[in-house]
Each structure stands twice: as structure tokens, then as C-alpha cells.
Amino acid sequence: MGILEVKNVNKRFGGLQALKDVNLSIMENTVHAIIGPNGAGKSTLLNVLVGKLIPDTGSVSFQGKSVLGCKPYEINQMGISRVFQTPEIYGDLSVLENVLIPCFAHRDGAFRLHALETVEHETGMIEMAEKMLLDVNMQDKKDMHAASLSRGDKRRLEMAMCLVQEPKLLLLDEPTAGMARADTNNTIDLLKEIKAKRDITMAIIEHDMHVVFSLAERITVLAQGTPLVEDTPENIKGNPKVREAYLGTAEV
Amino acid sequence: MDQIILQFINGLDKGSAYALIALGLTLIFGTLGVVNFAHGALFMLGAFCAVTLQRIFTLSAETIDPTQKDFLGNPLVVKTPYVELWFGPDMGASVIHWSVPLAILFAIPIMLVIGYAMERGLIKHFYKRPHADQILVTFGLAIVLQEIIKQFFGANPIPTSAPPVFAGSFDFGVLLGFDANTIIYPYWRMIYFLFSTVIIAAVFAFLRFTTFGMVVRAGMADRETVGLLGIDIDKRFTIMFALAAVVAGLAGVMYAPINSPNYHMGMDFLVLSFVVVVVGGMGSLPGAILAGYLLGVLESFASMNAVKEILPGIDQIVLYLTAIIILLVRPRGLMGKRGVMED
Amino acid sequence: MSTSNFTRRGVLKTGAIAGAGVALPTIFTAGSASAFTNEPTGSTVKLGFNVPQSGPYADEGLDELRAQKLAVEHLNGGGDGGMLSTFNSKVLDGTGILGKKVEFVTGDTQTKSDAARASAKSMIEKDGVVMINGGSSSGVAIAVQGLCQEAGVIFMAGLTHSNDTTGKDKKANGFRHFFNAYMSGAALAPVLAKAYGTDRKAYHLTADYTWGWTQEESIASATEAVGWQTVKKVRTPVGAGDFSSYITPVLNSGADVLILNHYGRDMINSITQAVQFGLRDKMVNGKQFEIVVPLYSELMAEGAGEAIKGVYGSMNWNWQLDNPGTKAFVKSFGEKYGRPPSNSAQTCYVQTLLYADAVQRAGSFNPCAVVEALEGFEFDGMGNGPTLYRAADHQCFKDVLVMKGKENPTNQFDILEIVELTPRAQVEYAPDHPMFAGGNLGKCNPGA
Amino acid sequence: MLGLNKRDTKFLIIVILLTLFTPFLMQPFSENSALAQFNGGYPDLMAKVAIFGIFAMGFNILFGLTGYLSFGHAAFLGVGSYAAVWMFKLLTLNVFPAIILAVILSAVFSLLIGYISLRRSGIYFSILTLAMAEMSYRLAYSVLTPLTNGETGLQVRPNDPRILDSATSANYPNLFGLELSSSYKWDVLNHVFTFNVGYYFCAVIAIIAFYISMRIFRSPFGLMLRAVKTNQQRMNYTGLNPRPYTLAAFVISGMYAGLAGGLLAAMDPLAGAERMQWTASGEVVIMTILGGAGTLLGPVLGAGSIKYLENIFSKINENVLHDWFSFLPTGLQDAVVWVLSRFTGEGWALTLGLLFMLVVTFLPGGLVEGGQRLVRLFRRRGKPDGGDDPQHHPDPAPHVAE
């Protein structure tokens, strides 16, 4: 029984069958990659997982609880955090404040009218956020305007914002899309480091095989909206079906 | 039945004014991404173009007539417009009477210059600024413009009549088989309706069938890409702003006989035109036109006595009520696009 | 009144402190020196002219201000003296009021009750005025009148036509020279009956606020009294701009007269548009269709242009009147400003002189003394013929003018003609007339 | 102190001192000098500055923090005023019940309007709020006259029931018998300083309101509101529901507006419908932006400057100008007066419009930014300091329409 169970999910957009009989099980404490060529339904699947889309049939459950129809913030409160293709951070706020917000969300839930408390007095929260920043090597940038960070630092910051909530499942949506090779390698190292330090389940939706094979413990290959195969990276590498699906476009 | 037909005609007519103002506003917003609170002032300036031309035509030679007395008992100064002296009384009088239609020609260059100056001198510095700043600066500009007009023309409305041939009204009822005098509508308002249709069609044709229009439309959809193609989109946008000013100005010129121009009329139309644009959907030209006519017709129906008896005061709020309902049912107005001015 | 040491509007002038102005708490001692609000102690007295300077009535306000400046000039002995020479009370001698030179401050009412009160308050609190004059709408007049009553200064209303100003909202410290909606009806109805016959059906378009309602009520009841029927009363939003949807149903409603209970810009637009609809060219019930505008003003007539030709209405005063007071005023106003005064200008001018005269006769600026001097005051020579300031409601009673838009104007000021001078007796009413009931003058308030 | 850090405490103390000494600060010129015209230290103006300061402070909690631009806040001000005047009429002329009801009623009203309007964002939100406020205004002006007394405005009359007041009670709004309109005038060295009960009452409430707004700015809640402005998407995926946060900010700012409305009525027991008009809503937007949106002190500065301009500039008529320039030869004097009178007296609105344009063009952060630039200019050599207002947004991020 996985931490995240996707069962018989179908999703249609008009005439297009975006997801077809998707069954997927992500095991606790693994790094699970979902790959597939363009239009394979990766993004649709991700949007179903985070509550943005409701499938036509089937179920998605996280730790035995259904996530269907839940709002994104409810799903986050259940323990799923998400990293976006382009880092989504609070550009107007300082780096520390960026990390403090998820700390509060983790402690206080989706809404609390803590209008007459003072951020400065929340020493516990601040310590937690600073420790997190230390973890991702950003402690010296904590007072910077988040919008002025480099792209790599923005990615780190976003990661920190997700991790500080101690999520049980971290969803990464093409975390290295558009990055130069060096940045991509940094991100891989960062993710490895994160994984090494804590028990966490990661689901990576990725294009870049280099990233996938550096990190993943299990891989699901999606093609035309349906899972083609699920296996370990070693086995996937040699699988002819996968080659066929990618029609040689992949750098396998 | 006749009442309903009458109010429908009425609504289309009202709506044509709304649509025309909203059209200019949407052009500016759609192309430049600027929320222009001075748009009502442009409308007002257009109306004052008509007033100015009328003033020019009535510039008069003064002669003293000792047989008549003025209010102080002094000999009366009789004023005869130069045009009457030059072209004879009849021809001269008809030139004066035709000052509103003639003002269209007068207003086009003036509004072009005003629009151009506004964009180059002020608006272009605000493309990258928050909408709130754009609102404040254009609102300030609107106040300045109207105060300047007030200094020159005073606060009292100035009668600006349509040519006498258009006086009176047309009897629709007879055409449709009703009794005489049941459905009548003034000629000038019908002309206003036709005029607005022509202008709207012209703007659409311009955007659809000319290269200039195509570039601008492409720019409206994706400014950066068009810029990357090496096309100087900014220059074209300046021209679009000037054009929008002309549209607003012409709407004002032709409206002068319906609503005597006064310095404050721009502010009176400001809120209304924003409601129309937003109901139509920010940045959508067809939306603005549709919303203009829709709100015009609804407003007319709401002012029917039968309706007012059931819902007293409904004519006061119908525009706003409709706006609220439409925005709640259709999040981005009638034809708005996702992501436009939602942040 | 409060019993605390803090006196209302407490003018606790402890006199200038000699020597260094070290702030010591002992300075904060009570000890009221003045008997009433803003008692003038120096050689000057300040009046407050609160008129609209922005918004739709700005031009009206400008004309009021011209007249008020002229009045001050005349009170201080400048110019040709204007109506001072024709006024039958001769106590004013051009040396100011009670020997004090008259000064004035101005403010902008914006034709909003809030702004008008703010401006009046600053005049009272900051500039120390003893009287406030001006305004061009009833809402503002009632709001400022209430304020003056509370503050203990005199309010000499400008243009305010609603019955309420001296009806249910009357105040002891407030005085209205201008006529009111009831008088308009009483003066107009007989003239209308004579001109258009007694078998008429009227359709009212009414500005949807208190003044509009009182005028609609007054005109409807006066015209009904001469035999007319009221077909329909329709309320229109204030500032509607386009009245077409209200005008369209008029023709086939069976009515043959349209009565426009609008003022200012609304009236200009509604009459222009009604004429544009060709209403006045139509025959209904076998009669020529007519339009009536019960309350006229020169500026409205100017704004409406051609549309008002032949349209009946009423006015408080007009510069064409043939009497010495009018002649003197028009002369000094015309020579100074190059245009004849409007009827709101005349009201403001006369109100300022009347106040000065009352102070002079009472021998005191104390509002209560002024009220006493003005109540029941009969005067003449101010352009309106013999006039009475009735004690019961502080309303002036005088002749009312019925006007008509002139068919062939000879110059820009010659747009209205006087049709009839309705004698005062015909427009009088009992102070407890139902249209004016419900108010309470209260007691005069001297403030401090 | 009071849950504030040292810097904020210092800031609050400065604000308190400024507020308490306003009767001096706004009355800098001696009575007989030509500049006495510029004195603004009379009770009505001082109180208005405090009241509109409260209004703008509240608006800033919504607009400055969350970025939601409401164009209908005047409706809450109006509701507060009407509620207060009805309390005066029915219950007692003591101001406390009136102000409490004003705040409660405007909270209810803003909850209702906010709940509906916050379903949309950006300009759609602005137009929804505008439409609701304009509807309130129009109905109050016409159909709802029995409730609002329409054009004339709702006022206190001698024959109102006022069931809690006895025959000997004060006849004007009061604080347990102490009338708000009573003042001490202190005449010293040709200066007249007025200390008015009403002003100090408003001032104390304004200081409390300022303190609360400071606490909100510094609270986790305030942080969340700023998060709403910056990135709602991220907020959602961080497990936070932006809607209740925004609604809470909307209601809080509505309550500030209601409080301001109640105080307006307490200072002057007449509630006119015009204070709900869109221009009044626009005014508070302008005050906030002019002063500096998102800063603590900015809105108050903006409110002060606009009210000052409206009340002082509109009173400088040609006669006053002639007095000032009487030293010049006649021709020149007339010319100078003619030019200046375009901008004062009846031309005051022109000055206002020009001021908006200049400030927005050259000081995007509003007057506060201007102040900071000045401070920086003087402190060049001193320690690097951001000025007296520890604000959060030194450079508001441009959000250009896509």
C-alpha cells in the first residue's frame, strides 16, 4: 500500500482522453519519477494530484484519505507540498518571511486571525525558518528581497518553503526545466542532500532523463494518458517499450 | 407593447453612447494596458470642440444701436457674427447651425494632437507602473483638464444645438401600424445611433483589415513577441492612443446637442464607462460594445413606469445591479480573457 | 446647556499673555468673556459667504459671490451704495455695521451638505464669522442652517426653494429671503390656467430627492386647484444626464402638459431633450402640448438656450423689474461686473444688507438680538416691493414673478420676460400649512 | 512596550506626540500675519484629519497589504455615520453607543459586500465594490429617504425620542456629559490655539487605531496579507486559504471606515448621502496612494494633506490674494493675483489635480517616500537609516497588465 494511491483515473477534455485508466502507487520514502513524452498526460496527472482538476472517474487517496474535490490548500495541509516549474515565491517579501509563511501555515492551519500577535515574538517559528535556510545554504541571504534572488536561489528558496512544512510527499514539477546544466546539477545535489537528511517521499515529473536517473528509485512511464510501465531505473533503461514510446527522442 | 418598442429603441440609442465611450477606453486598455481615468475628460473635450467651433462661428462684429437699450439703459451693442457678414445672413446662420456636425472635422485633428501629447507626455511613463498609480495620475489629469475647461467656459452647461433640419422626431409607430405619436424618436438621436455604428464599424474594420491594425492586434495579444519581430510597437500604440482619443472626442462632439456640454460631464460618464468596459470584459472590444448596448437597453427598461411601480428606485441602480450579477455569473465579464487585470 | 466648565464653543479669551509665552497650565483657566459666538471685539466684523465654487452650481455661486462682495462694498461706504439708497430703513450709513468695517471670508459648499458644513465650520471656528450667507440648493441650506443654529451664528439663506427650509427644518437662527415651492405653485397655477385653460392633464418628471418632491407636491396641488388633472408623477435619478427614457412615455400617456421639477443641469438636459423629442410641436387631446418649468433661474435659461422659448416658470426676482431698488442694484452690479445680476445674486445681496440693517437696529451682533430685529420686519425698496419677514417661520413674503422664455431675445441677457407679478397676498399661507408642518423654530441660540 | 519593538515604540511615541500637539503644529502663524490664512488648527479641520486618517489607515490594511483595490469603501463610512446618528436619535447623545453601533453595523455590511466582491479579483473586484457602494449611495439619496433623510442628510432633532437621555442631558454629542464641541482657546502672543474635546477624542481613537494597524502590520496575519498581494498561487500550495484572510482584511478595513463614519457623525451629527458617493471612495484611495500605500504613516499624511488643501486652499479668494500682494504696484499685483487665483479659491481643485500628478509621477512611494528622501539627504553622513517610517515595501513591485 503506497502513501499515494491513484486508482482507475480517467479524465477527458472534450474529445481528448487526457488520462486513461491510470493506476499508480507511490511508496513511502521513495523517490518516484513520472516520465513520458510531451502530451503524455504528466501535467494533467499532477493537477489531479493537487486538487486542481477533478477526474471523471477513479480515486486518488493520500494515506488512505481521498483528495478528490479538495482545495489545493487542503491537500497541502494533508502533507503534500509542491514545487513549480518556475519557482513560485513571494517576490515582494524577504527570504526569511518567505520561509516563515509556510511555518505559520504548518502550525496554524489554513486560516487563523493572528492579527495581534507579532512575527518578531514568534521565536520558535523564526528559529525553524532560519534552520531551514541554513539547511539550504541561504542563511546569509535571509534579509534579501526574494524577487532579487538568482534563479537557482529562488529554486532553493521554494524548496525550503516546501520542506519546512515537513511534508510527507513532495511533488516536483519539472524542477530543472529551463536550467543550465550546472544549475541542474546543483538542483540534483540539493535534492539528494534533502533526501539524505530526512524521510521524505518525492514524486518528480520530469523531462530530463539525466535528472530522473540521478534521483529516482522507481519510474513510471506515461504514454498517451496511460502508464506504460513502472519499474526501477535500471529496468526502465533497457525496456524496449519505453524506447518505442519516446521514438528515439529521449536521451536514454 | 409600444412602450417596450420605444424603450428598446431608446436603449439602443443610450447604449450607442455607452458603447462608443467604452470602445475608446478598451482600445487604450487593450493596447497599452493603461487604466485611463482621463477618458471621460477626453469625451468632455470633444464636446467642447463643438462649443469652441460654435464660439468661433459666432465671433461677432459689434455695432452700437442707439434705438435699443441694454440692461443698464446704455445704447445696445448689437453683435452680428462675422460669418453672417461675410456669407450673408442666411448662409451665415446655417453655418452656425451646422457647427456641431462641422465640429467633427474640427475635433479630429485636435483630439489627435491631445491624445498624442497625453501619451508621449504622461501615459508612456506609466506603462510599467501599478494600475493604482495609473488611476491616480490619470484621475489627476482629468481634474486638471476639467478645471482648465471650467476656467475658460464656466461651469454652466452651454447650449449647443443640432442643425434645425434635424429638429423634431420621426414617427416609427406609423410605420409599424401604431397610432400616430405613440412611437416617436428624435432625428438627432437616430443620427447619433447611426454615427456610433459607423465609428464602431470603422474601428473594427481598421483593426481587422489594415496591416497597422493587424500589428496592433498582435501586440494586444502578445506585446513582447511582436516587439521581438523588430516592429516598433510602441509607436503604433501611441497612434492607437491618439485614435482612442479621437473616438472619445467624436462621441463627445455628437453628444453635445443631447447633453449640453459642461466641464463636469466627463466625470459623470467616467464610472459608467468603466462599468460598461468591465461588464464587457477587460480588453475585449466586442465585449465593450455588447455591454454598452445591453446596459443601455436595460437602463431604458428599468425606467418604465410599470417596472418602477414594482421595484421603486430600480432605474437608479440597474446599471450597477446588472454589473454585479454579470460579474458573479461570468467571472471575467461577458467576453473577457483570463488573466487580464485580475491581479 | 452643559454645566461643565467647558463652555460650548467656549471662546475663552484670556487675553494675550505678556512676556515670554511659556506654556503654564494656569493659562487654561475658564472665564467666559463673550456673550455670544464670535463676538466681534476689534474694529472689524467678519461675514462668511459660503457658495458653491465647484460642482454643477459653480457659476451660480460665482454670481452670488459677486453680489456679496458688492454688498460688503456698499456697507463699507464704497461704490454707489446700491440699494442702501432705496431701502426704506435708513440706519445703515456706509460706515460698516455698528461702526465696524465689514470683512468677509469665502468657502466652497461643493453643493454637498458635508462639504458645506465643513466650510461653514471653518468660517465659524477659524475665521470667527457672525453670519453665514449663500448656497444654491436646499439640502445645503438646511444642513448649514442646522449648523448655524447649533453654533450660535445667523444663517441668511441664499437660493433655497424647498418648502422644508422654512417648514419642517426651520431654525430660529435661519432666515430665508428666497421664495419657495408652495409660492411657485400659487403664483404659477392661475397664470397657467389663463394661458393653457383649466382642462389640462399634467405629467410630472421630478428629481428624486427632497426638493423635487416638495415642488412636485406644491405644483400638483396648485394646478389641481385650478382644475388640472395630474396624470402621472415620475421620479428621475439626480444627474441622469439622459432623460430620454423618461420623456418617451409622456406623449401617449394622455397628458398634454409636461411639468419638469428639475433644477440646474438636470433641468437644462431634460428640457433640451424634451424639446428635441418634438413634444411642443405635438397636439394632444386637441391641444398644443406644453412644457412648464416651475423654478427658473437665469443661468438655467442660458444653459437651455432655444429650448425655453415660451416656457413658463417662476422666479424670486428679475433684473427687468421696474422699481427703484431693482434699478439701483442692477446699475451698481452691472457697472461693476458687466452683466445683470441673477435672482440668487439679488437674494444674497439683500440678505447681507438685511442682516447688517438688523444688527444696526438692534445695536448688537448678538444673534438673539438680530433674530428679534428681523422677526416681523416689514421693509421696502429692496427690489421685491413691500416685504415681510414673518416671525413664525422666518420666511419672507413678497410678490412672486411668473416668467416666460422670450421668443425673440435681442441680446444675451434678454432671455426671459416677466409675464405677471403675482401679488404677495396670493402666495401667502398659514405657518401651519400641511406642506410646512412638523417643524419647530426653537429658540434663538447665541452660542457661548 | 505594548508588544512593540524599540523602533516601533519610538515611532508610536512620535506619532502620539505629533497628534497631541496638532493644535500647535497646525497653527504656526500668528493671528494678524498675512499667513494666518494657512493656519489649520481649528477643531473641525483637525478632527477631520484624524478621522480621515483613521479611514485611510483602515483602507491601507486592505489595499496596502493585500493589494485589493476597493472602490466602495465610502459606503462603510456612510453606514457608520447613519448608524451613529440613529443612535443619537433613538438612544442617547453619548458618543460611545453610537460609535460602537457604527463599527458593528459597518462590519456586518462589509462582511456582506466583501463576501460577494472577493469572489473576484483585480479590476473586477474594484468594479464590484464600486457598484455596491454606488447602489447604496443612490438608494440612500432617493428611495431610502425615510431611513437616511436623503439629500438633506440625517440629523438630530429636538423631538427625537433619545430614551436614555434625561431632560437635563446635553443637547449635543457628548462624552458622558462633556460636549465634544467644547473648546478651550488659548490666546498667547497673537497666536490663538484651540483645544477641542472632540478633536482630542478623535485623536485618542486615531492613536488606538494607529496602534492596532501597527500591530496588524507586524503580525503573522499581516504577513499573510502581504503574501496575498504577492502570490496567491503559492499561498494556496502552502496550505493557506487566501479568501478568509482577504475577507478579514476587508472587514477590518470596513470597521475602520465605520469607526471614521461614526466619529464624523459624533463631531457633526449630520449624515449626508454624498459621503457614500464614488468620489468619496475615490478620495480615500487617493489619500492612501498619495501618502504612500503599504506604509503605516502614509495614509494619515495623505488624508491630512488632502483635507488641508480642500479646506484651506478653497478659502483663499482674490481679496486675500490682493491683501498679500498689496505691496506690489497695481498692474503687477493684478497679474500675480490673477495667476494665483487660478489655483486657489474656486481653482483649488486644479491644485489638487496637479498635486496628484506630480506626486505620482515623481514620488511613486507617495509623500512618505518624499519624506524619506529628505531624511536621507540630511543623514548622508549618519548611519544608514530608512527614515522614520519602518515600512515594508521600499519599492512596490510593478504589476503590469499582461
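Letters are used for the chains, namely A, B, C and D, taken in the order the chains are written, and counting of residues starts over at 1 for each.
What we mean here is this: contacts are C-beta pairs under 8 Å (C-beta built on N, C-alpha and C of every residue); 3 or more make two chains touch, one makes a residue touch a chain.
Please read all numbers here as calculations on a predicted model, not as lab measurements.
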Most widely separated chain from chain A, with each centre as the mean of CA atoms: C
Centre-of-Cα separation between chain C and chain A, whole angstrom: 74
Distance between the centres, which are taken as Cα means, of chain D and chain C, whole angstrom: 33
Inter-chain centre distance, chain B versus chain D - centres from mean C-alpha coordinates, in Å: 34
For chain A paired with chain D, centre-to-centre distance based on mean C-alpha positions, whole Å: 46
In chain D, residues with contacts to at least two other chains: 138, 142-143, 349, 396
Interface hub residues of chain C, defined as touching at least two other chains: 54, 58, 62, 208, 235, 237
Residues of chain B engaged with two or more neighbouring chains: 313, 316
All touching chain pairs, where touch follows the definition stated at the start: A-D, B-C, B-D, C-D
List of chain B residues in touch with chain D within their complex: 29, 33, 35, 122, 125, 127-133, 135-137, 139-144, 147-148, 151, 267, 271, 274-275, 278-279, 282, 312-313, 316-317, 319-321, 323-324, 327-328, 331-333, 339-343
Chain D residues within the chain A interface of the complex: 3-5, 212, 215-216, 218-224, 226-227, 229-231, 233-241, 244-245, 248, 252, 393, 396-397
Interface residues, chain B side, partner chain C - complex: 2-3, 6-7, 10-11, 13-14, 17, 68, 70-72, 76-79, 150, 154-159, 161-162, 167-169, 179, 181-182, 184-186, 188-189, 257-260, 262, 264-265, 268-269, 299-300, 303-305, 308, 313, 315-316
Interface residues, chain D side, partner chain C - complex: 39-40, 42-45, 48, 138, 141-143, 145, 149-153, 155, 158-159, 170-172, 174, 177-179, 181-192, 194-195, 197, 268, 270, 272, 274-275, 310-311, 314-315, 317, 319, 345-346, 348-349
Sites on chain C touched by chain D in the complex: 1-4, 6-17, 21, 23, 27-28, 30, 53-54, 58, 61-62, 65, 69, 104-108, 112-115, 117-119, 121-122, 125-126, 137-139, 142-143, 146-147, 150, 164, 169, 208-211, 235, 237-238, 440, 442
